[in-house]
């Protein structure tokens, strides 16, 4: 394992320290290693619904990269690939509260759900109103009685962006939750890995892929995916991801979408655009309009090579909220 | 070799096609595969000095990602790691000319220099005034009679940003060249590779690094570096890059810099911030103020793991130009 | 072999947990790499190391105090799924142990409260390929030992043996909870990491009670 | 064995260049991977494939016309350092060959003009570990053959042999131009890819003149 790290145990602490130094105009850290979170440099916005997200580290820029005007108020980075505990989530929730309540944006993993639940209980005991949206956009996982339900993956970025804009617009907690729910109901993703990643404390790849194999339906924690196949061309790989998404969303001609091609961290952006090109032409062939596009590393799996495709079905209000100004370290427009 | 590509020979064409589709609000492509270039969606700005850069592909987002208001007017992507020929450079130069002449921003490699030179001659034959800045910021290479001179690496991004702001401000061609020269004179970089990259048409790694080796002084084309050593901690690696930069720049206490930690494409951004943290604390210990920070994948070597550190000595005018609005696919602020 | 267990046992058990988790850290990581995300050993190791530090500074009066300290510390240091689950298990178990000592029936009550906590949070049933598959048979074995008039130590050993067998029964299962559930059939043939760590912790409990560990 | 070379030779030479470059594409890539950026074989292959297409459509009248077509096509398709360097070489060579045929002295003139073009653009000297190390001795050998009254074909063969030896002399050198110059001592022991491709192209020229290739 070769990594630009000093010690597997301080990776998150050192990285967050550098991050807040580099973006001190936008964010600050709690400074407390026991209750580590990142929040807006200016603190909570009075009267605005606060948005808090978090989860295991290793998915950067998610979540801390999305703290700032128009998106999150605070982010809680857990250890690599491990949900943070309730303490820092509670601390972040307090820091994000501007008196209008706080929305927790939680990716659907048992650990995240349980730890955010506990934090929410504790926050309510301190009279902070908390609601949660559990994002579950990954079509690689069947949502059934026999699984922990669909995972939350790249759709989370769009939930954070759009719910963030709704909060900035002045919606109340129920309103922001309703928007977040609408995004979650209309967003679907699926990913592919060309290589596994190495979790610093494990020191070896999360799974072994042969030189001519790819893993379809990969999660963002180096979990193995739905199936392993021989590597195929970028166009064929794209189709393998896109088809289940389009079917699950029930997309039909005339509809409008955000097409979001996300890199898993180790793939050159040039390759992401090759995937984007194919996905776009397949969508256009179905009469679906690609109204907005996002291409890049936004929710990653350390240095994993691969990508995910996300589609969000747009209506006028969601489009307006997507377009609203955002000013964070990792996503910035109109600001 | 596993890559999200269809065919090594159309990698650049397909990727650029996807890129301009995804960022159609900002950029467009020439559409002509024989003279492929990317330029601003709105075309040349009348009366403004045009900025054209280019070079081999595989360094994305450089250069096409920096086309837009406040930065480049056109970018010419050659084949992977191969300088484009004079034809597309000439075509891009014409497209970028708003009547006030064009500045070529050329990284110092024999191929780039020769092809841009030819294009400039041809442009002048068509009555377009062309000047060139040859960027050579890489301290890993001795600038001497016995080399092709220092290479142009990550400093190029800062030259493009700041010269772009000068052009936007209305400086004439000599003025923009003077600013670009001042940036080049005050910027130094050095890089490290943890892994090599694989050029699609070669199909194998550009060099072989053992599992416990790193290559110090790497270029951006998968060229081997200055020396190969056993992997050391992120802090030690940072010091190995930073020390020669600081010395070469002759930085002393009280001075102000941009600290730019650039990812080579395959390194998680969390690691870049660990490097940033160390570099910043070393600079502060010397009394140097980190006035501005840039951390991320801005000039890459395909999926190579590693990073480079760049320092630019700032004066008030350069700071102002650095801060000026920029609105491109890969760099955006104040706009 | 003691008829009842006291605070010394509880303290030693906690230390033994920290030791066993540190020793088998990589083994638990590897189990979790196979069907999860490769952090289970790291998570528990971080948690129990923190418990040791807390224990040093604390002056617990009862077995329940010790278990509560474990509960809150795991809750705030482990994270992931295992943190809240083990945390709740120890918290509920602590509530059953407010006396000076616990007998065999007390062991059964303690474990029963623990598994109820896990189920309350995680909603898993036996056969879902989770830590419940180790805890549930352990409760039954302890209850049977208590009803047969065995000592607390014997009840613990019976529980540990049953937990070990229970952990082994997860090997052929498809998972229905936690990360491994995403894998479908591909989880077959792999042991659930949480069931394995649960068996280890209960074995440590019995070892310590028997004077070993 | 022809005393002079005509347009048929020139056309066949160009085709032979395309063939030899395609055949040795990976070998040239590997040489360039070692001390450069691994694209030399790909660059030349792309360029000469384009030359074949252009040649198909063109109706050149002289050796010079053929070489000019090669020059402009390489210039606009090869890129990198080799594109302008080979392009200029062929362009200058073309200017020396505006008659119907060329004799041994003409071969020497042609090659001399070529290397002057390379030096004009790249500023390299013999011993800098570049393609000049193949071209410069080739010119000398051709000149000597011409002065000794040899045929054009013999002059070409002498040039090719000298270019081959010249390419080999780059092995032990430190590079002072091009990408390999960044490597310092580490370039020692590796052949310069441009010198190797130059030797290949001149060998192809002799082979074709001798009726082989």
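Note that the chains take the letters A, B, C and D in the order they are written out, and that residue 1 is the start of every chain.
Here, contacts are C-beta pairs under 8 Å (C-beta built on N, C-alpha and C of every residue); 3 or more make two chains touch, one makes a residue touch a chain.
Computed from a predicted model, the values in this text were never measured in an experiment.
Chain geometry summary: the mean Cα position of chain A and that of chain C are 33 Å apart. Chain C and chain D, compared by their mean Cα positions, are separated by 76 Å. Separating the centre of chain B from that of chain C, both taken as means of CA atoms, is a distance of 55 Å.
Viewed as a network of touching protein chains, the structure reduces to a simple linear path. Taken together, the chains touch in the following pairs: A-B, A-C, B-D.
By the touch rule above, chain B contacts chain A in their complex via residues 2-7, 11-12, 14-19, 21-23, 57-58, 60-61, 65, 194-195, 211-212, 214, 231, 233-235, 237, 265-277, 280, 290, 293, 295, 297, 300, 302-303, 305-307, 332-333. On the side of chain B, the complex with chain D involves touching residues 34, 56, 78-87, 109-111, 114-115, 117-118, 140-141, 145-148, 151, 199, 201-202, 204, 206-207, 219, 221-224, 226. Against chain B, in their complex, chain D makes its touches with residues 29, 33, 35-39, 42-43, 46, 75-85, 121-122, 174, 176-179, 181-184, 186.
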